[in-house]
Structure formats: structure tokens, C-alpha cells
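This is the structure I have questions about; it appears just below.
We just call them A, B, C and D in the order they show up, numbering each chain from 1.
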Amino acid sequence: MSRPLPDADYEIRVRDSFARQPAMQLIGATLLRVEPGRVDVELAVRDDLTQQHGFVHGGIVGMIADSAGGYAAFTLMPAGASVLTVEYKINLLAAARGKALVASAEVVKAGRTLSLSRVDVYGIDGGRETLVATMQQTLMVMHDMADTRQ
Amino acid sequence: MSRPLPDADYEIRVRDSFARQPAMQLIGATLLRVEPGRVDVELAVRDDLTQQHGFVHGGIVGMIADSAGGYAAFTLMPAGASVLTVEYKINLLAAARGKALVASAEVVKAGRTLSLSRVDVYGIDGGRETLVATMQQTLMVMHDMADTRQ
Amino acid sequence: MSRPLPDADYEIRVRDSFARQPAMQLIGATLLRVEPGRVDVELAVRDDLTQQHGFVHGGIVGMIADSAGGYAAFTLMPAGASVLTVEYKINLLAAARGKALVASAEVVKAGRTLSLSRVDVYGIDGGRETLVATMQQTLMVMHDMADTRQ
Amino acid sequence: MSRPLPDADYEIRVRDSFARQPAMQLIGATLLRVEPGRVDVELAVRDDLTQQHGFVHGGIVGMIADSAGGYAAFTLMPAGASVLTVEYKINLLAAARGKALVASAEVVKAGRTLSLSRVDVYGIDGGRETLVATMQQTLMVMHDMADTRQ
């Protein structure tokens, strides 16, 4: 694990940015843990998030994993930079069900230009956790791009 | 391109299944073309689908690509089977903006157990099309699983 | 981590199969650890394995990672089955150099039909280890295919 | 397809760089077509390139696909730059056999920092071609790195 020292205001920057994402509000995703190189995103399971079998849509599983991994990388980026997802690959391992899903992201490498995050998504039901998906994701530091609407 | 003959009712099966996906209704995605091995899904761009820069969230781009690719594979599966996404990998190539996005999927190989789809997502603005993402996706035929809620 | 009980002869099956891979002999890769769900493959760095910058070719890094991940999954498959790589995704994180590379694989999920492995590749130089690549890989159990030449 | 005008000497740069890759000589891979944004790499099938079933090792299929895709991107990079593979994802679709394999790469997007290539690998046997693998690959332009040993 290679981690630069985070900018002092990393948590504020992450929480502010997340709050400016209408798509996260649409699906009801919320930020849990925000630590240097680690971010968890929670999603309460709702009927309007499901696919034809009644489980959470794989694309929505991808959405919260993409968000968690991107913000995990963002915690280690310099103030004034913005984060962009270059690409991700996700394996869907089990039906996404339960009371809630939690996407738990960790930065594997934080580079000058590119970062790599790994994200596990769990289905939570009472005390029981099931691994429903795992993602490997490449992020890019945008040094000249503010993290706001242009 | 390796393609078995599709089941006669493939289009009805695909349109019925798509209509049973609350997640597609939540984001306002609709089915356009449904042909053997080819499916297009359209998404009208809305403000509540965006991320912090005002572009459509990368996870939502992934959702419509996942749907288009999965249903493209489903058109070539036998009646009575169901389709499951095993994994996908998506590269986000340009800001997802415009009036609408169209995810255009094509089956590369339709196997007995596994299929492979390739999906390009375009941003449409007037007569102008921009490639915003491309996906490579592995699907599984579930021979013993009806395409409905359990 | 979901792991079935391995077949008693899993280590013999893996070591026999690895020894039947001429491609592994061509590059000089050897098997280190073989445990249920975990396999390490080592590669002594040689000049004829490099690319134009003098580092080990990214494709060869992929070869040993693919092998380690496949055999990690194979340890948990029933006797009489064979293992096939469905797909893999690898991020190359640092120049692959040192005295040796070690690809260290772990099974994330061992399913009835499909398994998922995660592989980290390290460059080893004296006591120093550098993460040079990480892979996420989907494997298939071939129940009706002997692990030998047909 | 977004393609800048290639540097005039792109073909010389690609052929010189390929010739400096000992790993390509080890497996016997050769360059066929080199055009702006398109490169084909051929591999004569040999027994020492196979895995335990007697087919070409999936990692070697990955090697030639990685090379073809990287050099396809390199044709569109400025003189004085070098190309680095960031990551790739490959699906193995059929047993890699025949007299030869050909990895045929095409650039999907050539960006200032990152490029995307798509590569199909065919098994060739007489007049018959079989698609054995397909890759989606992210490359990076290294503006400050000569394409030689350091």
C-alpha cells in the first residue's frame, strides 16, 4: 500500500463532493467512513433499485462501488484537484439483497497521475454479511479541474 | 460473430423483462432496437442522474451499458432461461452529456454457458454523437431460472 | 472468503498440471506455495523476458498471474475436473524488475461453475518487495474435461 | 474513432521498438501490419507455448494482444514519447490453436494522456479463422520517457 500524506481537509472535500452528486441522492446512497485511502458507501435496499429478479440491479451495485473507490482515491489527492474514473471492472458474485449494501473501498496505489482502488460490496442483513461484488478500478487525478459544475 | 438461431419470441421476452426492472424506470431508461444479438438502450439526460461536475454519473453509464449488453445476450438464449451478468469492464472515455445517451450492445460470442457482449455508449446532441464509454461484458445463461421475481 | 473442502490430492493435481505446461518452462516459472485457495508462482527475471525498456514484459507478468490464479481456483475444484480461464483484468502498477517476480493468488469465491481469484505480483530484490501488478480473474470449472492433452 | 495525425516516422518507431523486445523474440512473435491506429502481431503456434491441454497458454495470448494494442496506440503518439500499458482485460473465448495466432489491434480513442485499444485474437488454420480472445486495454503516453533501455 503506497499512500501519500492526505491534504488536511480531505474529509470535508469528500463529503462536500459527494453531497453535490444528484445521482447518489436519487438512489439514496450515503457516505459512511471517510479515512485516508478508505471510503465506505451505504445503500439502503429499495424496491425501485431492483432488476427483474427482485435483487438490486448490477448497475446500481456498480454505481456505489465506483463512488466509494473514486472517493477513496480522492482522499489522497491534493487540494484543488478533481478525480475522474478511467475504467473499472466488477465481478458480481451473489444476488445483491439484504437490508442494505455497503461498498467498502481501499486505495491499492495512489500515483501522481493514476490511482488504483479495490472495492468489495457486501449485502447486510441483520448480523450477516455476504460478499456480492468486487471491483478493480483505475482513477485519474485531474490537477487542473475543480470538483464542481463547470 | 457466433450466433445461434434465436427463440421466436425473443423480442417479447426481452421487452417484458426490461419492463419488470424498476431500476430502469427509476433512471428513465427505455429500450430501442431489439434484434438477435443486438440491443440499444436509451437514457434521456436528467439533472438527477449527474455527478459533481454535472455530467451523467459513470455508474449510470455503466447501468445502461450493463442492461443493453445483458439483453443482447438474452435475445440468443433459449426460452425458459434467464441471464445473469458475471462481470463487466467499462472505460469512460468522455464526459457523458448531451440530450440523451444510447448504449448500443452487440453479442461477440453466444456460448452454451457463457456469452460475451461489447457495448458502446454514445452521447447524442442534435446530430452529433460522441463515444462516451465502451464495455466488455461476460454473461451467464441460467437454464433453470425463470426471468421473474422468486 | 467462501471455500469448499479441497480434494485430498489437490496439491499433487496442481503440481502435476503445472509440470505439464511447456509455456511455464519456456519462461522459467516455478510453483512455490500450493495451499487450499492459495498458490504462489515465482519467476526468475531473465533478459529474454523483457520489453524495450528492459523490464519484464507486461504480458509475461500477466502469464504468471493467470497461472497462479487459475491454480489457486483449481485447488478447490473436484478431482476429475479441469480449470479454464474465462477472463482476467490486470493493472500494471510499477516497472517489473528485481531478481524475481512472485505472483501470489487467493480465491475470493469458489462457485459450482465459476470462481474468482485475486492475484498480486511482487518484484523481489533482496529484502525489498514492490507491488508491480494486480489481477482480478474469472475461472470456470470444466467438470467433463480431464486436465491433460486431448 | 478519434485519431490525431501520426508522426511521419511512426512505422519505423514501432518496428524498431518491437525489435528491441526480447520477450517477443522468445515466443517468436512478429509484426505484420503497422498502420495509423492499427497493428497486427502474428505468432506461429509452437509446442513450447502451450498449457496442459496442448493449446497456446492464455497468458501468451495476452502477451501478443498486449503488444498489438500497445503498438497500435504508439503509432498515434508523438515522436519522443513512449507507451506504457496501464491495464488490460481479456476474455478467452475458444481454445487457442491452429497454425498461427494473429492479434489484430485498433485504437478506439487516442487521448493526450490515455489511449484505449481493442484487440481481437484469431486462430488461423488454413483458410479458417476462429476468434479466440478479445481485449480492452488502456495505454498511457509517457511524454518524458525514451523508448529504450534506461
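Observations
Rule of thumb we're sticking to: a residue touches a chain if its C-beta (ideal position, glycine included) is under 8 Å from a C-beta of that chain, and two chains touch if they have at least 3 such contacts.
These numbers were taken from a predicted model, which means no experiment stands behind them.
Of the two chain pairs shown, C-D and A-C, the one joined by more C-beta contacts is C-D.
Interface repeat of A-B: among B-C, C-D or A-D, over half of the contact pairs recur, by residue number, only in C-D. Annotation: 32 Å between the Cα-based centres of chain B and chain C.
Chain centres here are Cα averages; for chain A and chain C they lie 29 Å apart. Averaged C-alpha coordinates give centres for chain C and chain D that are 22 Å from one another. Counting partners per residue, chain A has 86-87, 89, 91, 138 as the residues that reach two or more other chains. Interface residues of chain D facing chain C in the complex, by the touch rule stated above, are 17-18, 20-27, 47-54, 56-60, 62-67, 82, 84-92, 145, 147-150.
Put simply, chain A touches chain D in their complex at residues 86-87, 89, 113-114, 138, 140.
The part of chain B that touches chain D in the complex is made up of residues 2, 89, 91, 93-94, 108-109, 111, 116, 118, 131, 134, 136, 138.
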